[in-house]
Amino acid sequence: MARIEARLAELGITLPAPLTLPPGMALPFPWVNVRGDRAYISGHGPQQSDGSGAGPFGAVGGSVTVEQAYGSARKVALSMLGSLKRELGDLDRIIGWCRVHGMINCVPSFTQTPAVMNGFTDLILDVFGAEIGQHARTAVGVCGLPMDFPVEIEAEVTIRS
Amino acid sequence: MARIEARLAELGITLPAPLTLPPGMALPFPWVNVRGDRAYISGHGPQQSDGSGAGPFGAVGGSVTVEQAYGSARKVALSMLGSLKRELGDLDRIIGWCRVHGMINCVPSFTQTPAVMNGFTDLILDVFGAEIGQHARTAVGVCGLPMDFPVEIEAEVTIRS
Amino acid sequence: MARIEARLAELGITLPAPLTLPPGMALPFPWVNVRGDRAYISGHGPQQSDGSGAGPFGAVGGSVTVEQAYGSARKVALSMLGSLKRELGDLDRIIGWCRVHGMINCVPSFTQTPAVMNGFTDLILDVFGAEIGQHARTAVGVCGLPMDFPVEIEAEVTIRS
């Protein structure tokens, strides 16, 4: 078994199915776009195991707590790993995380965006380890996200051909 | 005639002139910055054919409708192609779209950002086709943009030297 | 003395110490993440010379003026150069700025984000010159940033191995 798959199994993690879209929603782009040795990862939200969007929905600092949003950010990492697995075939092809841009749907003047994003970073480091998993990161508060997700994250990784 | 130029002519598309800035506005950066085999594209807004900013202006979900903003996002694609044409000389040098980051000026809790961004993606796919045109994408709602544009988009493409 | 170091000395600029975090804040990621010939730079805020966060804090267009935020953006450039110096050892290893993504904490419908970001761009061009310093740029208004900074900026540079 591949190394990252083995680690996911060890942690008891199952990756979710592809995002199921609400009626009338069209997303004419891939979740992962490979160009040369880089995989560009579209903005992902939290998903349930069947691929449907995972709540809670809404703005952090409003109806969603920081603790809940930490859990949502962790789920975003799993959504992303699911997309990467489907696109790359083997998650061991990821040889380095490059950048991670986290967008937190929040009330005005919210400042706890890093505490939310740690849900993503903690999972990636736990699965990939410090060397491959390490990434430059931004955590910004925004006023609207698709499907009213509390968190959406885009990223870039470098891969083995 | 180059392939992409021919496709634009076929679609009846003319690319706009460079953005004309309002009095007192200074933008000390290029619209496209080439480094090696990558062209990094600055945030672009919708422009009229003479280069002036194209309305409607304001927040989507407020004074601007989703349908209007779809049209604005399509215009942003044309602004970007105009900048790329001026920088690269030949749009056929673009061998792959990498990532596209769309920012939608919107009212709080707006969720239809993907429907807006489809105006950009639909045009790029129509002009470049599925293989070269495909891009990773993010659509985020923000609370302010330069010139009160409803949409601003930044991107990255890989190019032939 | 290295070229960029000499230029900083000429301008009378001292780079700040690493960001000191408020109690309870954990940032499990590096400020600069090198992958191949690219250095990915995490979102930075303005810092004082001892590394503590530099005010004013809050939303531009509200309690913070555009002029003050221009100064904050300039300080962000210095924070970033401090991180790059610590990671790369020698700032002369930077052979080209690629992209710069500026996030301005602002009141709704704020439009002067480019005037704020010029504080960053003016400093980078002054230190690195037009060829190496030139960067693609985006300036977006957001509704929340870590530590209530008025400006946060992420970037990417290409480096000599």
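Per-chain residue numbering starts at 1, and chain names A, B and C are given in the order in which the chains are listed.
Criterion: contacts are C-beta pairs under 8 Å (C-beta built on N, C-alpha and C of every residue); 3 or more make two chains touch, one makes a residue touch a chain.
Not measured: the values here are computed from a predicted model.
Engineer: Superimpose the Cα atoms of chain B on the matching ones in chain C and note the rotation angle, 0 to 180, in steps of 5 degrees.
Structural biologist: 120
Engineer: Give a one-word verdict, same or different, on whether chain A and chain C use largely identical residue numbers at their interface, taking over half shared as same.
Structural biologist: Mostly different residues form this interface, as fewer than half of the numbers used are common to both chains.
Engineer: Taking the mean of the C-alpha atoms as each chain's centre, how many Å separate chain A from chain C?
Structural biologist: Centre-to-centre distance between chain A and chain C: 25 Å.
Engineer: Among the residues of chain A, which are close enough to touch at least two other chains?
Structural biologist: Those would be 101, 108, 142-143, 156.
Engineer: What residues of chain B sit close enough to touch chain A in their complex?
Structural biologist: 37, 61, 96-101, 104, 106-111, 113-115, 118, 121-122, 125, 134-143, 156, 158
Engineer: Over in the complex, which chain B residues touch chain C? Could you list them?
Structural biologist: Interface residues on chain B, with respect to chain C: 25-33, 35-36, 38, 40-43, 58-59, 101, 103, 105, 108, 142-148, 152, 154, 156.
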